[in-house]
Structure formats: C-alpha cells, structure tokens
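Next come two complexes, and both contain subunit A; in the first it sits with subunit B, in the second with subunit C.
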Partner chain A sequence: MKERLGYRLPFVLLLILGIFMAAQYYIPHPMVQKPAEMMIQWKQPLNAFIIFLALFGLAAMHIRKVIRRQRRWGYSVITLTSMVLMIFVGMVWGTRHGTIFSDLFKHVITPIEATMFSLLAFFVASAAFRAFRARTVGATVLLVSAVVVILGLIPAVEDLCPPIARASDFLLKYPNTAAKRAIMIGVALGAISVAMKTILGIDKTILGRNR
Partner chain B sequence: MYKIYVHFHCPMMVLFVLLAISPGLSAHGLVPARNVIAQDEPDDGGGVIQVRWDMSESDGVARYEIIRTKGAGAMEGIAVGVRNGAQDSFLDEGEKHAIENGVDYRYVIRAVGADGRIADSEPSAQVRASASWLDTTLAANMVAVIVFAAMFFVLVMRGRKGKPLYIRPIDALEAMDDAVGRAAEMGKPVFYAPGLHSVTQPATVASIGLLSRVAEKSARLHTRIMVPNYDPLTWPVAQEVVRRSFIKAGRQEEYDPDDISYLTSRSFTYAAAVAGMMAREKPASNFLFGHFYSEFLILAETGAATGALQIGGTDSTAQLPFFITTCDKTMIGEELFAAAAIVDNDPISRSTVKAHDWFKVALMVLIPAGIAVGMLADFGMLEELLHGLGVGDPAAVASGITEALGGGR
Partner chain C sequence: MSTDPYVWIAAILTLGVFSFLLRDNPFFCAVEHLLVGLSTGYMFCTYWHNVFVPELVTPLWEHGAGSEAHLWAVVGICFLWACKYVESVKDLSRLALAFWLSIDLGLAIPTEMEAGVIAQVVGTMGVSFNGSIEEILGNVVLVGGTLAALTYFFFSKAHKGVVGMTAKVGTWVIMIGFGASFSYILLSRIALLIGRLLFLLRDWLGVID
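This part shows the complex of A and B:
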C-alpha cells in the first residue's frame, strides 16, 4: 500500500500542478498568478540544492577514479584540485570583482571558453565543406542557394550585382522563413504533446521511470 | 481682442469676459485637455488603468501631468505620471502609488505650458481597476490548445482500445539500434548527449525517453554507454533511466554510475570536456538528442572526426542545419518528440503522435484559408463576399476578420 502511494503520489502532484500551471497562462487574476509565481520561486532553493548534489556527485566520481587508479586518473586529480582551489579562494576571500576567485575566473576560465568558441569558425568551415559537396540534386540546390546567400550578404555585391542581392533576400525571407515556421509549428505541437503526456502520467520519463 | 479691449477699456474686465464666454479656457489663458476617459485595462491582473484625453487646443503645452484622486468626492490628488505635450494617453500601472482593485478613482489631466501656466481638465468619470479571470488576447491560443487536447484525448481513447495506427517510419529512429549494434561489434562505447536544457523542457524529456531505448539496447549487447550531462537536474534522471534500463535488460552488474556523469553547466566548458572524452574514448556511435546551442558543432565535428556514426535530433531551428550537416541521421523538430513516443511500445503513447498529424492537417487547411481571406480583405472583396453569403452586417464582420488576421501578420 505504502509503495503504491509512493509510486502514485508524484503523478497525482504532477497532474494537479501541471493543470494549474497550464491554466495560469490564460488566467491573469492574482488569485492564480500569486501561487504560480510562488511555485516558480521555489525553484531557486531547489536549484541550489541540485547544483550542490551534482557537484558532490562529480567530486565523488573523481575521488573514486583516483583511489582506484583508473585510466587517466591524473585528469581527475587536476579536476579535484581546481575544484578545491576555487571553493577555498571563494570562501576565504569572496567572489566579488577583484578577488582571487574573480581573477582566476577571468584569466583562466574565460580565455579557455573563448578559445573553444573561436574554434567554431574552423568547425563551421569543415562542416560547410562536407555539406556543400554537390553529390546529389538536393546537395547541388543547397550549394547554389548557399553561394547566392553568401554573395548577397556582401555589401559590395548589392551595388555591383543587385539581382544576386535580391535573390539572397528572397531566399532568406520566403523559403527559409516558411521552412523555419513549419518546423516551429511541429516543435510546438510536439512540446504540447510531451507536456500533456507528462501531466497525464502517460510518459514517466521526468521521474526517471522507464517506459 | 483689441476690439474688446477698446470696448471695455480694462484688461481685467477683458479677461473676465473671456472666461465667462469660454468655459474651456483656463484662468491663465491655457486651454485644458478635454474628454478625459479612464478605463480599466482589460485582460490583466488588475491594478492598471488606462487614461486618454483630447489634447489642449492651446499651443505651447510643454507637458501633461496625470493626477489621480481616490474616491468619489476627493479633491486632493496625486501626480502619477507625466506625458509630453504631444502625447494623449497614459497607462497608470501604479508604479509610484499602487492602484487598489475595486476602489473608485478619477483622473484630472493638468496641461502645463512652456511658460509655467497650468490648466486642469474636468475630472474623468469614476473608474475601478479589476482583475480578469481570462486573458482574452490569448483566446485563439487557448482554442487551438483545446482543439489539440480534444484530438489528443480522442486518439488516446482509440489507443486504449488497441486500434492499430499507422505512423510514418523515422529513418533516424530505425538507425538507432544499428548504431548500438555497430558499437557492440567494434567493442567501443556508445555516447549519448541529452542536450543543454533541463529535464523540465520537452526536448530533454523526449531525449531521456530515447536514452532509455539506447541504454537498454546497449545493456543487452554488453556495450558501455556514456552520458555526460550539462544540466544538474537532468543528470540524476539520466542516471536513474540508464540504471533501470540495465536492470530491465538483466545486466545490472554492468551498470557503472560514473559513466552517467555531471560535467559542468557552462556550455563551452561542457563542449571542451565532451570533445576531449570523444577524442580519448573514440565511441563507435554518438547520439545527440535534445536542445543544443552553438557548442553543438564542436561536439558533432569532433565526433565526425573520430569516425563515429552520429544520430541527432533537436527542436532548435538555429542548430538544425548543423545537425543535418554533421549527423548521419537527423530527427528534425517534431520527429524528436514523435520518436520518443514511438520507441515506447505503449499504444496510448504512440497514438499521441497521431494527434500531431491530425492537428497539422487542420492547420494545412486553415493556413491557406487564412491567406485567401486575407487577400480578399486586402482587395476589398471580403465585404461583397459576406454580403453575397447573406451574412448580417457584412462590414462589421469583414472588419473583425481583417483585424483578427492583421494581428497575426
């Protein structure tokens, strides 16, 4: 009995709260909006707890790797050292601008992320090279369209060859927008469907239950 | 004016007469604003009043001060806002002084001249702010959701009765089992990225649904599955789903919780970590399902460089071109949601996919119909058509339709 209650309670809560949160989108009355806002605010402490849990899990995993001397355990030592260092400097000297924590973030994390971001340019080039090989009719149409759009976006082409600029504008404005909107309609329907399946307990994924 | 002056020989008398013959003119010669109308703002949670007025006929009005009085007989008011001399409306949201719902208020518009002269309007009629129980601006949205929900329930009922439903096969979905099989044959791991959104988002829910299928297949084929997570809330859910999949396949002893790990919640740091894992582990197959941002290309290009078979799916229109370019098979938009329902052998879940299709058919009829009606309205033929159809007051109906269509353009 207890197990059944434990199994069903999350679904009952999901049903009640799911219907309430869907309805509040259409009801602006404070009697509905205030509890909805309060529930959204509950996410903040929950999120903090979840992040703590995730960090704990991450640290535990790397500690296990080091203790068991698993393959590439050296990376785990670096991760754990960095984690402890950042927590230590953050707790001792604070995290505000100008502190060691802030400087480490600014001079280590930010450049690393910027480096990863800048790599995108090369990845875009290599992906484009593969995509634009005119092997099939579809790929050829894609190639021609891409060339027209790229040329049309060059400022000088607008003066030198107005038809290309117009063709580029047409491709972006009409076929591209139409396709995007079609996909967005499908995505919206799919999202509503997933939401309804979850609220009605047909889909139990969100609670970690298998199908 | 000169003639009057000559006639009365006294400027004060002239002013007095002017005031007497012109009720709209202030004591200082500035004409006040007229027809002050205050209305409750519709479709809101209350506490907002819209005020409109006819501007002063005098030149040189520098600004209008909006003064609110509380109660029917109150004389003292508070200034709640200022508008420049060219503006004739104000939305009082009670920023400085809150508006209470159900309390009577009146508004006076004070015209202030560039030289400091002032002229107060007649107060508006009493107005009361109230909260709405329904936002009518979302009526079309609500109707669409209700229609979709109705289709959903009808099809779920059909599914419960076990009536067979045809669902178009999805290439990427059918390739999933082969991709896991490839990993088993090569003795390499399978890699699964559930996207960057939280598990509270539909794309991630769908992705986790597909993860259960991939994990179960991997477990059956004694293949290692690695699931690096970006979102701390998705991580325990993914871990639980994979654990249950291994139990379902009878291989719980092969389940390693460290393979379903939380990495970081910074997108490019996540990309760096995952790209590094791909380069080191060289997985045979990569599954990239969910919502991704620009870091996706780093993951997918690294995966392609390591020679992995890649299957992806996303609801992000901005990233779809990159998915199509870098993945061997791609689920486009709603296919991701449909696939999550199809992998579940439950007929009820499968029948929900049909609801998408029915609604899309309805949209395919409604969109061209809307375009046709819009064109008729643009060419002024809609009113004639409605008249021909015997619709009462065709002008009003045509205007309503045009307005409704205009809102969507």
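This part shows the complex of A and C:
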C-alpha cells in the first residue's frame, strides 16, 4: 500500500496529467480546454505556496544554526532579523510605492544587488584575461568577436571607425543569431526529451527514486 | 555630502560589498546575509500580496462555495505538499510534486516545440537571398552557421570527414556567439560599476556634478 501511494500513484498521475496537458494544446474543444485552463490557474498559487515552504526551510535552517551556536551563527541572526523585518513591514504597511517596504527595496536591496553585479566586472575581466589567450582557433575567434563587439558598442567608435561598427553589427546580426538559434533548438529538443522521459516514467529520479 | 539617511545607508552597504575586492571579510558577509534576509522577506510579501491572496485566498473567501470551489483542490495540494515535513506521511508530498510537474512538463512539450524548434527553423528557412551583398552574405552565414552549429550538437554520427569539418565550423560560429554574449555581459557590468561609483562620488560625497 505504501509502495503504491508513495511511488506508483505519483507516476500514474504524472503520466495521465502530463499527456493531457501536452495534448490539450492541439485540441481546442471546451471539454479539454476548460480543465486545462483550470489547472494552469492552480499553478500560480501553488508556486507561491512552494516558495513559502522554501522560505520556511531557509528560516528553519538559520534558526537551528543560531540555537546550536554553530560556526558563523551571528550572520544567521542578521538574515533572520532582516527577513522578519521585511515581512513585518510588508504585511503591516503593504508593498505599494511609498511604503517602508518599497523604501527598503529601493535603498537597501537595490544598491547591494547592483554593487554585487558590478563586482563581476572585475572577475569577468580577470577570467577573460585567462580564457582569451589565443591558443586555439576557437579561442582566437572568441577573442576577435568579443573585441569587435565591445568596440562596436562604444558610441564614439561609430564616428571614429565606421568599419568596426559595421563589423560588430554584422557579427551580432548573422553569426551570433545563427549560434543562438542552434543553441535554442538544441535546448528545446533537450527540454522536450527530458519532459517525455519524465512523463513516461523512463527517468524516475525526479520523483526521488534512483532505480 | 548628502544628508539623506537612506543615501548614507546605501553608501555604507555599497562600500561593504566593494570591500570584498580586498578579501572576504565580516563586513561583506554581514551585508551578504542582510541581502539574503531582505530578499526572502521581499519575495514572501510579493508572492503573498500579488499571487497567494488575490488568486487563492480572496476567490475562496468570496466564492468558495460557488464558482471558485475548484480552488479548494489547490488547498488540498498545498496540504499534500506540506506533508513533506511530517515523517510518517511524507510520501504523500510526491503526489503534489507529480501534479506540479505534470502541468509544467506537459505544457513544455508543445510550447518548446513551437517556440524553440518550429519558430527557429521557420526563421532560418525563411531568409531572403535578395538585397545588398552584405545582406546576401549575412543570410548565407546565418543559414550555414545554424546548420553547422546544429551539426556540432549532433552526436549520433562520429565527427569525422565532412561532418567533422562542418562541426568544426559550427564551433567557430558558437564561439562568435559566446564572444558577443560575453561583450554584452562585460559592458553591462561596467555600466553598473560606473553607476555605483557615480552614486558614491555624486549622490553621497557630492565631489562631482
């Protein structure tokens, strides 16, 4: 009974509903579309609930860390305090523009995030220095393409050296599009094969079973 | 120098993040954990006010016994999901996971096929070979490059002979794409860096206009 409920029933549910959700795309009949739309409508609050559970898990992990006085527990206090503060101001005064919630977002979260991403400029530059040494044809092509596109994106280059700007446009418009298209087709085919493997029960690991 | 307390807070936090350039330090770690806490709180409130309440709580409260009664199923699935934290019934959460996955994966098959495969193939096959020499050459590169790059991802045949040569050209096309993407990422990060430096020097210290 436990085996059936724990493993087999979820796979049967996944098979039936998965095939239904894929097939409904090609069957414009209300008898099919109505339940499909209903299930898509359920998805949003369900996603929200899953995120709440994830946040609950994160908070529980930090609370455990503080109670057990584990290494770097002081930082967990900062995380918990700021989490509780943000939830408190968001629930009491709302999330609209002009509230403390939006002020905290604008003056605390945004500057930290922007600075963290700006730090990547240093790390990307140092990684590029190591990766762009033209040792192979592929690396040389990467280097030349990157340099031409960087130069082409600088406004002054368009006046000073029009051929570089044109070359940059050409690279972005044609070979870059070709690469992106091939990658998109590959990713889409990969996603479809993963979805089919999971729905048909060929890949069982996603529901927590290794064999 | 600014007198706005919010500017001071933002400036101190900005310096805290920049301090990582010297080495990992307690100031940076504190700012990092502050960001984690505030972001999770932000996420909770945003999902609560914009998704959970308007799409589940309010419809159930107002029409729970009528037109929106089907939403009780979502409450049931949420309960099944929460069973994950109760050892004796934690297997029930797999039912909720299976339901959630079936919607996503089922929808992924037709949508990926339509947007990721058919639309891209139609876009590649529909190019015109009329116009200026640059356009004709570009379209030849576009079609040939896409086919070459796809050949590189085709592993059912050994990359030898014509297939190997085409795959090699495909890697160069992909490298051009990566170079272009890298340039965009680098320039966007530099733009952000300039923005943060401007904030410190103009908005906080007031040393430049």
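Keep this in mind: the second predicted complex is superposed on the first by the 162 of 211 C-alpha atoms of A that agree within 3 Å, B and C clash if a C-alpha of one lies under 4 Å from a C-alpha of the other, contacts with A are read in each partner's own complex, and residues count from 1 in each chain.
To be clear about the criterion, a contact is a pair of C-beta atoms (placed from the backbone, for glycine too) under 8 Å apart; a residue touches a chain by one contact, two chains touch by 3 or more.
Everything numeric here is computed off the predicted structure, so don't read it as measured data.
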State whether A:19 touches subunit B only (first), subunit C only (second), both chains, or neither.
-> second
If you stack the two complexes on chain A, which partner ends up touching A:120: first (subunit B), second (subunit C), both, or neither?
-> both
Check the contacts made with subunit A and report whether subunit B or subunit C touches more of its residues.
-> C
Does subunit B (first) or subunit C (second) touch A:183, or do both, or does neither?
-> both
First (subunit B), second (subunit C), both or neither: which does A:44 touch?
-> second
When the two structures are overlaid on chain A, which partner does A:196 contact: first (subunit B), second (subunit C), both, or neither?
-> both
Check whether A:64 is in contact with subunit B, with subunit C, with both or with neither, and answer first, second, both or neither.
-> first
Applying the touch criterion given at the start, work out whether A:160 contacts subunit B, subunit C, both or neither, answering first, second, both or neither.
-> neither
Does subunit B (first) or subunit C (second) touch A:76, or do both, or does neither?
-> second
Look at A:30 in the shared chain and tell me whether it touches subunit B only, subunit C only, both, or neither; answer first, second, both or neither.
-> first
Subunit B and subunit C footprints on subunit A, overlapping residues = 25-26, 47, 50-51, 53, 55, 58, 72, 109, 112-113, 116-117, 119-120, 124, 128, 180, 183-187, 189, 191-192, 194-196, 198, 206-208
Please name which positions on subunit C make contact with subunit A in the complex.
-> 6-7, 9-11, 13-14, 16-18, 20-21, 29-52, 55-56, 70-71, 73-74, 77-78, 81-82, 84, 91-92, 94-95, 97-113, 115-117, 120-121, 123-124, 134, 138-139, 141-146, 148-150, 152-153, 170-187, 189-190, 192-193, 195-196, 199
Note: in the complex, subunit B contacts subunit A through residues 43-46, 131-135, 138, 141-142, 145, 148-149, 152, 156, 199-200, 202-203, 205-206, 208-209, 212-213, 216, 232-233, 235-237, 239-241, 244-245, 248, 257-258, 261-263, 265-266, 268-269, 271-272, 280, 294-295, 297-298, 300-301, 304, 315, 317, 320-322, 324-326, 332-334, 336-338, 340-341, 343-346, 348-349, 352-353, 355-356, 359-360, 363
Which residues of subunit A touch subunit B in the complex?
-> 25-31, 33, 47, 50-51, 53-55, 57-58, 61, 64-65, 72, 109, 112-113, 116-117, 119-120, 123-124, 126-128, 130-131, 180, 183-187, 189-198, 202-203, 205-211
Where on subunit A is subunit C touching in the complex?
-> 2, 5-7, 9-11, 13-14, 16-22, 24-26, 38-53, 55, 58-59, 72, 75-76, 78-87, 90-91, 94-95, 101, 103-109, 111-122, 124-125, 128, 137-139, 141-146, 149-150, 153, 170-189, 191-192, 194-196, 198-199, 206-208
